[in-house]
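Handing you a structure now.
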Amino acid sequence: MTTATTESEKDVERRQVHGVVVRFAGDSGDGMQLTGDRFTAETAAVGNDLATLPDYPAEIRAPAGTIAGVSSFQLHFSDHDIHTPGDAPDVLVAMNAAALKKHLPDVPTDGTIIVNTDGFSRGNLKKAGYDSNPLEDGSLEGYRLHPIAITSLTTTALEDFVESKALTTKEAQRAKNMFALGLVSWMYSRPIERTIEWLEDKFGSRPELADANVKALKAGWNFGETTEVFTFKYDVAPAELPPGRYRNITGNAALAYGLVAAGELSGLTLFYGGYPITPASDILHELSKQKHFGVRTFQAEDEIAGIGSAIGAAFGGALAVTASSGPGIALKAEAVGLANMYELPVVIINVMRGGPSTGLPTKTEQSDLLQAMFGRNGESPLPVVAASSPADCFHAAIEAARIALAYRTPVMLLTDGYLANSAEPWALPDVDSLPDLTVEFAEGPNADGEFLPYKRDPDTLARDWAVPGTPGLEHRLGGLEKADGTGHISYDPGNHHRMTELRHAKVAAVAKTIPDLEVDADTGARVLVLGWGSTYGPIRGAVKKVRDKGVPVARAHLRHLNPFPENLGDVLRSFDHVLLPENNMGQLAMLLRAEFLVDIKRYNRVTGLPFRTSELEAEILELHNSGGVA
Amino acid sequence: MTTATTESEKDVERRQVHGVVVRFAGDSGDGMQLTGDRFTAETAAVGNDLATLPDYPAEIRAPAGTIAGVSSFQLHFSDHDIHTPGDAPDVLVAMNAAALKKHLPDVPTDGTIIVNTDGFSRGNLKKAGYDSNPLEDGSLEGYRLHPIAITSLTTTALEDFVESKALTTKEAQRAKNMFALGLVSWMYSRPIERTIEWLEDKFGSRPELADANVKALKAGWNFGETTEVFTFKYDVAPAELPPGRYRNITGNAALAYGLVAAGELSGLTLFYGGYPITPASDILHELSKQKHFGVRTFQAEDEIAGIGSAIGAAFGGALAVTASSGPGIALKAEAVGLANMYELPVVIINVMRGGPSTGLPTKTEQSDLLQAMFGRNGESPLPVVAASSPADCFHAAIEAARIALAYRTPVMLLTDGYLANSAEPWALPDVDSLPDLTVEFAEGPNADGEFLPYKRDPDTLARDWAVPGTPGLEHRLGGLEKADGTGHISYDPGNHHRMTELRHAKVAAVAKTIPDLEVDADTGARVLVLGWGSTYGPIRGAVKKVRDKGVPVARAHLRHLNPFPENLGDVLRSFDHVLLPENNMGQLAMLLRAEFLVDIKRYNRVTGLPFRTSELEAEILELHNSGGVA
Amino acid sequence: MTEATTLTKKDFTSDQEVRWCPGCGDYAILAALQSLLPDLGARPESTVFVSGIGCSSRFPYYMDTYGMHTIHGRAPAIATGLAVARPDLDIWVVTGDGDGLSIGGNHLIHALRRNVNLKILLFNNEIYGLTKGQYSPTSRLGTVAKSTPMGSVDHPVNPVSLALGAEATFVGRTIDTDRKHLQEILRHAYEHRGSAFVEIYQNCIVFNDGVFTALTDRDAAVHNRIELEDGQPIEFGPEDARKAVVQREGGFGVQIVDVADAGDRTIVHDVDREDPSLAFALSRLAVTPTGPTPIGVFRKIDRPVYEEQVVDQVEQAVARKGRGDIRSLLESGNVWDVT
Amino acid sequence: MTEATTLTKKDFTSDQEVRWCPGCGDYAILAALQSLLPDLGARPESTVFVSGIGCSSRFPYYMDTYGMHTIHGRAPAIATGLAVARPDLDIWVVTGDGDGLSIGGNHLIHALRRNVNLKILLFNNEIYGLTKGQYSPTSRLGTVAKSTPMGSVDHPVNPVSLALGAEATFVGRTIDTDRKHLQEILRHAYEHRGSAFVEIYQNCIVFNDGVFTALTDRDAAVHNRIELEDGQPIEFGPEDARKAVVQREGGFGVQIVDVADAGDRTIVHDVDREDPSLAFALSRLAVTPTGPTPIGVFRKIDRPVYEEQVVDQVEQAVARKGRGDIRSLLESGNVWDVT
């Protein structure tokens, strides 16, 4: 992990490393997510490539000091291209006993552990379920352990504030996360200037809090610099990223930006109707800040009203969007069918989480693919698109909007809890290169002086879209089967079969406008690792490891899950083995087997966490070395 | 069709035929469904085998006299085993011009047509879209046409009633369907005594109406007997049905009876919570009449409350049932997931209709299979059972209840609009032969003095079911992932994967208690015709036709769609071709291809109607004669 | 169609065959609305009818305007999205007692409290017509219907009380066959800015004939129709048996007395008071319309319209930050350049 | 546990760690109920807590009774099924302002109108706590929350008014931190036969701290708490500034005046009048609890309980037709024998 080169500077030795995984862990109230976010920002500023994994307890605050209450944030940064937040932390910062207890199993035996000894009171130990103090009973032998009284050091640093009553003791203690951040920033040579600016901005209305936090931050930094505890610090050189302008972005933010962009690119008003649900709520939050783009957000009374309002807005000529997570998508099913029958564009986003039922709301999973495909009554096909990385959510959103608008169809866009909350550096796209999504509304009769709302474009099979306000094109839509062309209610047997086929054909027609699946293959590769969605990072990481061992392998990643790219069957048949890792029990595998009658080697884990590269590496190697053709 | 033998009796010749298909068609207000029902009852009394196909306009009354307003009822009866209501009517009774216009295309050119000439006024012709009167313009040449002024003959027969003001003219006219029934009953030598009794019973409170209807009925009969119009009548001998006690039954009634029986067999209170929807409402209606079985029915405010109430009742220890059709099942999806997580028995019935969306509410379709399998968020497997004929709904309901209770799981039971409303003679089962469904509730601790609600039976993997009121077993269920055993909330990664696997394994375990798929195969059969659900009748009919041609063929029908019978893969692989006709676009075919990687020849039609035996016959023959192995 | 044209009923009548049972109350409502719309100055191209599922919900097909026949119970939600996207349109929602109060009750109350500019017509026939006769949330106790062979045991809901409890700004009630009254109430609803909820007693001749005879039967009606008129004392009944609605004596609420006994206690109707208590009390005079029953406008107050406020915020944001630009959106937050 | 044992709070306290934020109002409600239940004579084995999703809906986990943490908004429907299947149980529903009034509003009003024997506690914190702070249907206008950076524009709903509009037979309101009042209202609710709806003002210290200070801040509370007590004149406020609730002068509804000016017009509270108009008018004194706000029992009337009537019909049917028998069911209608 740390192929260390050393140079010395003053009495602190500097070691050059290629990549590090740091995990901050503490109580929900300890501000670990914020610490992680700031450390990420500092790291981005250095120019490293990075990937993050926030992990917080399910929605309710658990009692302070318990394992259930532990919140953590992991950051992987490096001087080269990376794709995952890292399998195991090189450095664990544990702010209390519960944090140590929960995360220790993930730390390799030679890993570094920084513990806040003030979080190891008798009460803390008990709440964490420790019988004896691990800091004292020798159970941490082998680890590079740094026990530091972070809370006390912080309050000492902030004594003046407390004495002058500018701060309560509690407020002073709460700055301990900044101490930890300062220390780790020193360890990895991260600049803290931006964090200082950020603190000053954040606490603008309470400058004493800003000052105190800055002081704690600096105290942490200085603690590293001045004490004997740390005899070396690390440097991680900037990664050689392609030139461009970069920012960090989480999946949900990128998705929201993609929707805003799609609104601009289409020239339509962006309408978002939705009901809060973890982990999709941030899309609503983000969009509600973008009112100056003309975005209209509607927090509906439930998910059905969310998609209902979107359908209404689509009828009115808006770019209509709704988002939710699995349980909410289930509720939308009937209305998705209506959009299907209406043949109106609606983008439906599912930020997938652990299921079934309420499941694991804050954890990631890919188990709603078949729901996306089949979770409605009747033959109700719709295009399905998936995003593969946090930044990719931007482009996936635009692609979903493109299909919806061009084909007049509801489109299901799949992301997940991991993509939603993780961050990565994003090379900002050239805005001028984004696709043109403009739509032409019907403005007059389309058939001998009449207007037939179900008259179709011969290529896309999209029907004409006339919006209220257009004189002469008055028409009525409904969920009952409609006569081809006129759109009137029809119970005719032949018409129903024909319309059913047309709805399928329209979705199939999307394939003509999607690129062939690209395969990144080594010569001699026997195994193709296929992925979709958020397994992109872990698969790339694993494939790199395999390649680093000199083993040839191939890799491909699907953006479109319905319809598939036209070359997919050929691709699958051109390798001895196809390995398909999914964070579900084999949902895409089922679709592929049914479609192409090819065997697929499944690798399925539903743990609420993304794959580790190491487990995938092992699977690839095993398959590569296995005999014969599957 | 009518391999006629003739004998003479008086001046009316009697012809012996093996089977006849009669279709009554008229305006929604003409009482065609009632006429059909009575004709069915008479036919059952004669001991013929029979099958019916009611077909009425979508839910709203259409304007009188229009094609949209035509309602029809088809009855197929014979002296041998039959399985379908017949492809084409031998006799069409058309009460007005619209009825003729709509149904004429189905009548073979040598078919018999009885028309009510009073329904061919200028207005009638116009509403039906006739430019000239088909009774006069020669366009019906070739058919055996019997133009009869049914309405006038009826009112003439009832003159006295009108004169004495016992009846209005309108009421007198409304009895015309009884005239038609009397006539057709005469034609086919059906006894009308029971209908007379029935009329007397039905109009008990208005004896003058009963008398009038009886008089019209007899007038119709006498018209056949005395006029010169009909020179022969037909006899259809009783079918050689297996000995036993018989009754006619529709699918919805049989289903309701099966549920009542399951309640009795399990010793649990039957609770039904549901919201009306075509074509499932009759299950609620039927059950609400069975209160003397202790059945508690709850007409909920919507479908979600329907299944919600069922889940609550199941927690309370009832045999809990909900039913709906596609759109309503879509709404239940989220709650089905909850039942899945709770691992409580709930029988969920989907009487499938044409989709997507509101679709074709009164028409049949099999397009909700994949919704049953996958229409929820997360990995949420559940057993799926389908009924194959109206009477089979009784046994399918008991089987669904058996699985639900034994495995503590929601079970999806699929029937469809065709099964729901069609009738067939049913050899009543021996009540003592019905399975024992008794359940043991947990009554005390199950693990070292503790009660673990998620402790499982090692065979079935069913968890222990403790109901409120039991002291000491207090426990809480929830939709969040639960720890194996204790059922407490658990976010543990490994536990989630394990529980996901357990939920799959539990459903898979059902396979151990279901019989192997039976194959009805001729030696030398190359083609296996596989079916599920209501295609049973058409497939049997088609297979019989193929066999009658001396072509060997095999046939098998699935009751269990998840899990499959254990021998299914072997069965599929043991024929050159598997033909799978479905009233959807290939849903079971997809599951089979994915599961067994075998090619399946699909035959898919979604017309809102059951298959015709002739189209399936043609498919089978074509496949049989085609080269090679698929 | 240009602004200049004078429109007629025909301009609002579609070419679709009307498919209700002969004698259904829906016909009268349809005809009344088709002939009223031109008078109101409505334009077919900027009018949208949105309905759920039910006999009543077939309504949009017969109007030559834009229309959406949606899914069961969801019309108010769908119409809300349309209103937010297109505040320029005239949007009518047509629903039934099952569609709007059973499966769709929640969307209804939320549209009302938000005051979305929708004219919501609830055709109350106290039955599920389309599914052939099950009792509904407005069916009176003991209703024997398909699913209640021994009579219903659910206490019915009073749509006017419910709407008032849900903060509705406009609440009215009228009757299918009284074309004049119906058109008058619909006119008031149309002219109200915000959600207007109108309960229309509608006779289902097939499955629930005659439940409103207390108000529609000529002889009974004179005794039972309490016509609410803004600014007028609430009196009703024939000249020789005139009644008045007064504050309940020695208590709270309203009660009916002979005019002679009312003295100056007769309540003067007042639709635009902020406090809905009077309107609510009036709605309690008849839990179901079997006796004296108020019809007319119960409440009509001013409150900002939901979608206008949404658009307002958008405009304010644009005014404050300038029209958004994708490039600057992407570059918001910390950016860095790699060269 | 046998009948004889005297139960204590401990018998109703489960072994699960309570997971709310420190300082959350939910703790007080939990403790109050755990200690009240033994007093009421409730038994853990015949008590069931049913909740939806939300912070408040975690409640069942902490009660050592039977419990169901269900899905968002559906608790009243699920509890209704349980009640119909098992009328012998004590069933409590715990819900939030989002769970019970946003997604679940419809199930709530239907449970209330049916008068299912459920004790429904709505923890109103005017916010979505669990999803970290979006405004809710009870949030006051202009609430700046995660999804409303420029302030909410939806007019809030008043849970008490809504429940009354939905024909509820018991409606009460109380406050998380006033243990005595809370327990008293819960006792009344428990003793009521039928649906009892209790709105509990509950402070969300993290996302909406202090919205109820008008009633919880000691100094403000004396001026603002209008404690409704059956049979008592409605007066409130400190001795030196005592106020009374009277019929509105020259109009309809209620208003607040100085006691001195009230004369004999002070309204005497009366919970069991069939007409809910007074209760409704009282609920309008405070659309949101920023000033004088009534708490206590608004309404408590007798009406047959839904599930008891369901069971009644079953018993009547058995009495009339005899206990059903499958064989005769199958043979009902026309049968014939083939030999």
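Letters A, B, C and D mark the chains in the order given here, with residues in each chain numbered from 1 onward.
Simple rule for what comes next: a contact is a pair of C-beta atoms (placed from the backbone, for glycine too) under 8 Å apart; a residue touches a chain by one contact, two chains touch by 3 or more.
None of these values were measured; they are calculated from a predicted model.
Novice: Please identify the chain with the largest separation between its CA centroid and the CA centroid of subunit D.
Specialist: So the chain farthest away from subunit D turns out to be B.
Novice: Higher C-beta contact count, B-C or B-D?
Specialist: The greater number of contacts lies at B-D.
Novice: Provide the C-alpha centroid distance between subunit A and subunit B, rounded to the nearest whole angstrom.
Specialist: 47
Novice: Centroid from C-alpha atoms only, then distance subunit B to subunit C, rounded to Å. What do you get?
Specialist: Once rounded, the distance between the two centres reads 39 Å.
Novice: Using the average of all C-alpha atoms in each chain as its centre, how far is it in Å between subunit C and subunit D?
Specialist: The separation of the two C-alpha centroids amounts to 28 Å.
Novice: List the centre-to-centre spacing of subunit B and subunit D in whole Å, with centres computed as mean CA coordinates.
Specialist: Chain centroid spacing, subunit B to subunit D, equals 44 Å.
Novice: Scan subunit C for residues touching two or more other chains and write them down.
Specialist: Subunit C, residues with two or more chain partners: 53, 71, 102-103, 105-106, 110, 137, 150, 310, 313, 316-317.
Novice: Using the touch definition from the top, which residues of subunit B touch two or more other chains?
Specialist: Residue numbers touching two or more other chains: 68, 291, 301-302, 327, 334, 337-338, 357-358, 478-480, 489.
Novice: Would you tell me which residues of subunit C are touching subunit D in their complex?
Specialist: Residues 102-106, 109-110, 113-115, 137, 150-151, 153-158, 161-167, 247-248, 251-254, 267, 270, 273, 275-278, 280-281, 284, 303-304, 306, 309-310, 313, 316-317.
Novice: If you look only at subunit A, which of its residues touch subunit D in the complex?
Specialist: Touch residues, subunit A against subunit D: 59-64, 66, 68-69, 275-278, 281, 284-285, 288-289, 291, 297, 299, 301-303, 327, 357-358.
Novice: Help me check something: in the complex, which residues belonging to subunit D touch subunit B?
Specialist: 1, 14, 16, 43-50, 53, 60-61, 63-71, 74, 77-86, 88-89, 106-107, 110, 310-311, 313-314, 316-318, 320-324, 326-327, 329-331, 333-339
Novice: Quick check: in the complex, which residue numbers of subunit B touch subunit D?
Specialist: 41, 44-45, 47, 194, 238, 241-248, 257, 260-261, 264, 269, 271, 273, 290-296, 298, 300-302, 304-305, 308-313, 315-318, 320, 334-335, 337-338, 342, 427-429, 431, 434, 468-480, 488-489
Novice: Considering the complex alone, what residue numbers of subunit D touch subunit A?
Specialist: Those in contact with subunit A are residues 17-22, 53, 55, 58, 71-73, 102-103, 105, 128, 130-132, 134-135, 137, 146-150, 206.
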